[in-house]
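In what follows, chain A forms one complex with chain B and a second complex with chain C.
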Partner chain A sequence: MGLALIPAAFTIVQSFFTVQPLNPPTRFSGFDNFRRLFSTDAVISSIGNTGLYIVIGVVLSTVLAIFMAVTLQKNFFGRSILIAIMVLPWALPGVVEGIVWANIWNSNTGLLNSLLTSAHLIDNYQVFLGQHRLLTILAIEIVQVWQITPLSTLLIMASLQNIPNDLFEAAELDGSSPWATFRRITLPLIRPGITIAMVQALIQTLNVFDQPYILNGSATAGSSLTMQTYFISFQNLDFGEGYALSLLMAVATMVISLGVLKLVYRPVEF
Partner chain B sequence: MRGRTPWLRRIGVLFIVLWSLVPIYWVLNISLQTDAQMSAKPAHYVPPTPSLNNYLSLLTGGGNVPYSIRQSTINIVIECSAATIVTIVLASLAAYSFARMKFRGRNVLFYTVLATMAFPPYITLIPLYRIMTFLGLVNTYTGIVLVYVSGFIPLATWILYNYMLSLPIALEESGQVDGASRMQVLWHVVLPLARPGIVSTAIITFIFGWQQFLFPLVLSSDISTEPLTVVIAALQGKHTVPYTLLSAAGVLAIVVPAVIALALNRYIVSGLLKGSVK
Partner chain C sequence: MAPTRKYMKAAGMIAGATCLCLTAAGCSSGGGPASTQTKGVTIKATMAGDPPPKAALDAFTKKTGIKVNWTTVDWDSLQTKISAAATAKTYFADVTDVDWSRVGQLGKLDWFYPMEKYLNTKKMAKDMPQMDSFTLDGHVIGIPEDASFMVTTVNKKLFAKAGIKKMPTTIGDYTKDLKQIKSKGVVKYPLNIPFAAAEGLSTYWYQTTGAFGGTILDGKGRPQFTSPDSAGYKAAQWMISALKNGLVRPGSINVADSEGQQTLMAKGTAATTFSDYSGNVGSLYNIPKSSTVTNQVEYIPTPGATGVAPNLNNPDGVGIPKKAKYPNAAAKFIKWLTSAKKEADFAGANGKDKVQPGYFVPSRLSAMKELTNSGHLDQGKKLSDMLESSTKPVFPQGAPSWYPEFSQAVYTNLHAAATGSKTASAAIKAMSEKAKQLASGS
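Here is the complex of A and B:
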């Protein structure tokens, strides 16, 4: 635990110092690190990229998780095997998921290009990564969504399991359509589960690293803030600036998490 | 609703199966082909002449790439196993103290442990690197395992704490009446009862260890400690390693967590829920 708290304190204090191994000594420099961050184009564009990763990732993983959780709500033959299959992508390393999906997005040999061509939807193989910013980020974020959706699904399933069955039976007796039941009963009552799922997705997407690093290298088209922290600290060897960026990201994580909590969470009682 | 919406569920079931398995099928498919076969347009949806050549050259071949894949597999197994064992031992002790003992500062300490879970993990990346440099532990198993343990202990403690709280206290009390010490009660009564919780926590910790990339990328500087994830990323970055071989390496890195996830799924689900609900 000391190994988590002390470094965190370190980060807060040293983000106001110039810490560069090639330019000693360590000295106080006020907001200099922060000023340099905001005058670096790569950092500015990464802020936008990370914003897109967050929005796409949180929305997509939450919608998919609700869909999967509702599918798995009731007991049916093969349900436990299906849950095991659903959990599978969660267990795999992000790096390997990058390799796996690189085979799908690839512009020369990828599965998607092949399928789209076979279906006569495109005439020539397309480039999905690295050319168009939004497309690049969408393709990369789908890979992360693949990894984080299983946990969201489990969290929402747990919330679903808490809803008493009489509510659904009463709705059915009253002639409520499945869609109306979902809108009026299921969705409001799983808000606690959705909240936790969204917060975990937020933390993961805000810190996304493995997938863009593997799929897009250091190209700025899809580079994330964690990638910038890594480049600034371990390639430019400017630890002070790296600290400053880590600190800003931690603050952003907490502020946005609280925002999600306020916006989505409603206490539920049965 | 009985019988009224099976078509919707059928779509859901089909979606879950395709979504989870197609990407994995595809990497397997590529790994069983030759370079020439992989370049076909449209692609071969099943390997035309399935061959284990890529795997054989990684597992038994000479040269730099197979060597680094083999060495980094040994590294990742050592690092994950050691981190899991140390985490479970420390977290069991911590969880038991928090769940069953009263001592000064317990609540403060407990909430501090929990609070560290809310930190984005990478806020500690640079300081941990500098601490490890200072201690001379960069590029050592000890350094990597220490960093993993520090990252995994909060969640492991939290899962085990919730599990131990749900155990009946009566057995422990009768143990104490019979004159057993705290450690004897923990060893002979609590830990056997908590075994499913410990298994869950160990599996989740091991899988988290297997997924690590940025921390070992920073903390390892050569093949003596680099885990499989770091080596695969480096091979991919070079653009000289054929995709078929890279896919085979990817499959090797997937096998262990995939088998664990499919075979021991029950423990993962219960552990993750114990660790996040409330």
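Here is the complex of A and C:
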């Protein structure tokens, strides 16, 4: 508890101080760090980018995870192998994934361009990253979704395992279609699992760093709030402002997570 | 369990996870007092490059009684570790990287021992032309470990295919040649500029600015590129125009410096790099495993506004952090590492078994001469001459303490101009305002 609370308290307190080794001494500055954050274009732009990462990442990973969990719930040949393969991206470090996907998105030598050209779908190699903000964020977030979906799938699969089989059998006897069974039985009963999956996806996407940094450098179109925390703290050596941004991100994580809880979570009793 | 309690429990878990995230902010711990001991000690060298051969390190240990534990960390992570350890006032290494661009920052923060306290830096400077890139207010923050500098490379075969026999000596001729190569269909995009938002783009602009006959900042850190007729302004416009006019591959907006050299220049899809790295001909372009243009690429004197322009320094150095456990032993190691004999060995003058992987251009002129005479440095004579006569620091007064923040403004704005999200003039204005703000200390 001390390991968590002491640094947390330290961060909260220091966010109200000017902590700049290049401009000593450390001194109380009230809300100055927060004010400067909101007057920095790069931070404002990163708030928008991070919002897009969250929306795309949470929605896409949750939908994919539900689909994969429902598919993998059935017994079929090679299921265990498929689950083992599915988990692999989750086990890889973000940096490694960034490098792997850089070879796919690359505008000069990338796999995707090569495939699209071979299939005669494009004549010239396309630029996927850096040119358009939304396309850049989508391309980057797909990489993160690839990483976080396995855990979301496992969480939802765990919820699925808890649903008594009698319910599905009864629905089948009553002539319920597979879609109606999914909508009226499966989906409501896996809401606790979906909630946890969404919250973990939210925490991951709000803290996205490796993928945009590897794939898109420090470019404004795509840079995330965590990247700004890094630049402010370790590049500009303005630790007070870095603490302030970390604190705001922590508060945002809590508030949005509570919102997801309120919106999605429903208690389930069998 | 009541739903409210479930919410509370879940909320508590999220709060706990959030607090754990905040531990990354960290606390600090002090290091022990430094020891002057040099015998029977183990020093830690944390560097961005690979270590020298084990036999060489063993020989150093046998001779001095100092054991060296060399750790390799990628350059970016290493810079963060240096900052984090120094801020936390904790031990992290006895010897580590000092990049030229951080000399102002590291010097002002007093995070490194002044090297003149341990070594005869004045004597060393006579053999190390880039020592001034590591000097701030008379103190030497690090000893140059290599003599990397920016240089123009051309693929002579592709130039010849376009009917160009005489190499350009001015930017005007160079641009004309690029257009000729394109119009003759030799290659679609003749020029390699790494437009990814990274340090390599800033460096490219500095070198181009130097070629246009100007500097980036004055002695007080004020921008010298605001006016449209300034060298920096012209250099930025020239780079962006080259992209817009199809001389540079559109996909270059996401290409970092090394990637451009490896995938465009080394594969013959680009004919020239205006701001390349010294040593690339021998270490990349003439290596059949990584290149399809062996024996085609040459260094040429940098084309300038009216004639040959300077080559800007881009070296790495080694220094001793203030929290080092054994600074005297560390200094002995640095003296050995940057001695003429060892630099020549590590760069390959005396056999492959003595080579330090990734080490190409010695920081000492004497080592460079030995290497050139041995014939083991491709086009060594040209590099040697440039090192001796035409290299100069990016910031003659030393890199300002706020350089990293300024550089980020440079590469993000130039990148934005390249992608079209900003005009070239808006990008230059933003870079200039950032420099003014940083120089004024506000």
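Going forward, the second predicted complex is superposed on the first by the 266 of 270 C-alpha atoms of A that agree within 3 Å, B and C clash if a C-alpha of one lies under 4 Å from a C-alpha of the other, contacts with A are read in each partner's own complex, and residues count from 1 in each chain.
Definition applied: a contact is a pair of C-beta atoms (placed from the backbone, for glycine too) under 8 Å apart; a residue touches a chain by one contact, two chains touch by 3 or more.
Just so it is clear, the structure is predicted and the values come from calculations on it, not from any experiment.
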Fit or clash for chain B plus chain C once both are placed on chain A?
clash
Chain B versus chain C, judged by how many residues of chain A each one touches:
B
State whether A:265 touches chain B only (first), chain C only (second), both chains, or neither.
second
With both complexes superposed on chain A, which partner does A:221 reach: first (chain B), second (chain C), both or neither?
second
Touch check for A:246: first (chain B), second (chain C), both, or neither?
both
First, second, both or neither for A:167, with chain B first and chain C second
neither
In the superposed arrangement, which partner chain does A:142 touch: chain B (first), chain C (second), both, or neither?
neither
Touching partner for A:47 - first (chain B), second (chain C), both, neither:
neither
Quick check on the superposed pair: does A:96 touch chain B, chain C, both, or neither? Answer first, second, both or neither.
first
If you stack the two complexes on chain A, which partner ends up touching A:82: first (chain B), second (chain C), both, or neither?
first
Taking the superposition as given, does A:231 touch the first partner, chain B, the second, chain C, both, or neither?
second
Overlapping segment of chain C (options 75-83, 345-353 or 363-371) - the one that collides with chain B in the superposed model:
75-83
Going by the contact definition given at the top, which residues of chain A touch chain B in one complex and chain C in the other?
3-8, 10-11, 14, 106, 108-109, 125, 203, 207, 217, 230, 234, 239, 242-243, 246-247, 250, 253-254, 257
Listed in rising order, chain B residues that touch chain A in their complex are 1, 4-5, 8-9, 12-13, 15-17, 19-21, 23-24, 26-27, 30, 38-43, 112-113, 116, 118-131, 146-147, 149-151, 153-154, 207, 210-214, 217-218, 229-230, 232-233, 236-237, 243, 246-247, 249-250, 253-254, 257-258, 260-262, 265-266, 268-269, 272-273, 276-277
Going by the contact rule at the top, pick out the chain A residues touching chain B in the complex.
1-8, 10-11, 14, 64, 67-68, 70-72, 74, 76, 78, 80, 82-104, 106, 108-111, 114-115, 117-118, 125, 146, 151, 154-155, 158, 168, 172, 178, 181, 196, 200, 203, 206-207, 209-210, 213-214, 217, 226, 229-230, 233-234, 239, 242-243, 246-247, 249-250, 253-254, 257
Can you name the residues of chain A that touch chain C in the complex?
3-8, 10-11, 14, 21-23, 42, 106-109, 125, 127, 129-131, 133, 195, 199, 203, 207, 215-221, 230-231, 234-237, 239, 242-243, 246-247, 250, 253-254, 257-258, 261-262, 265-267
In their shared complex, at which residues does chain C touch chain A?
1, 3, 6-7, 10-11, 14-27, 79-80, 83-84, 86-87, 105, 108-109, 196-198, 249-256, 263-264, 269, 401-402, 404-405, 408, 411-412, 415-416, 419-421, 441
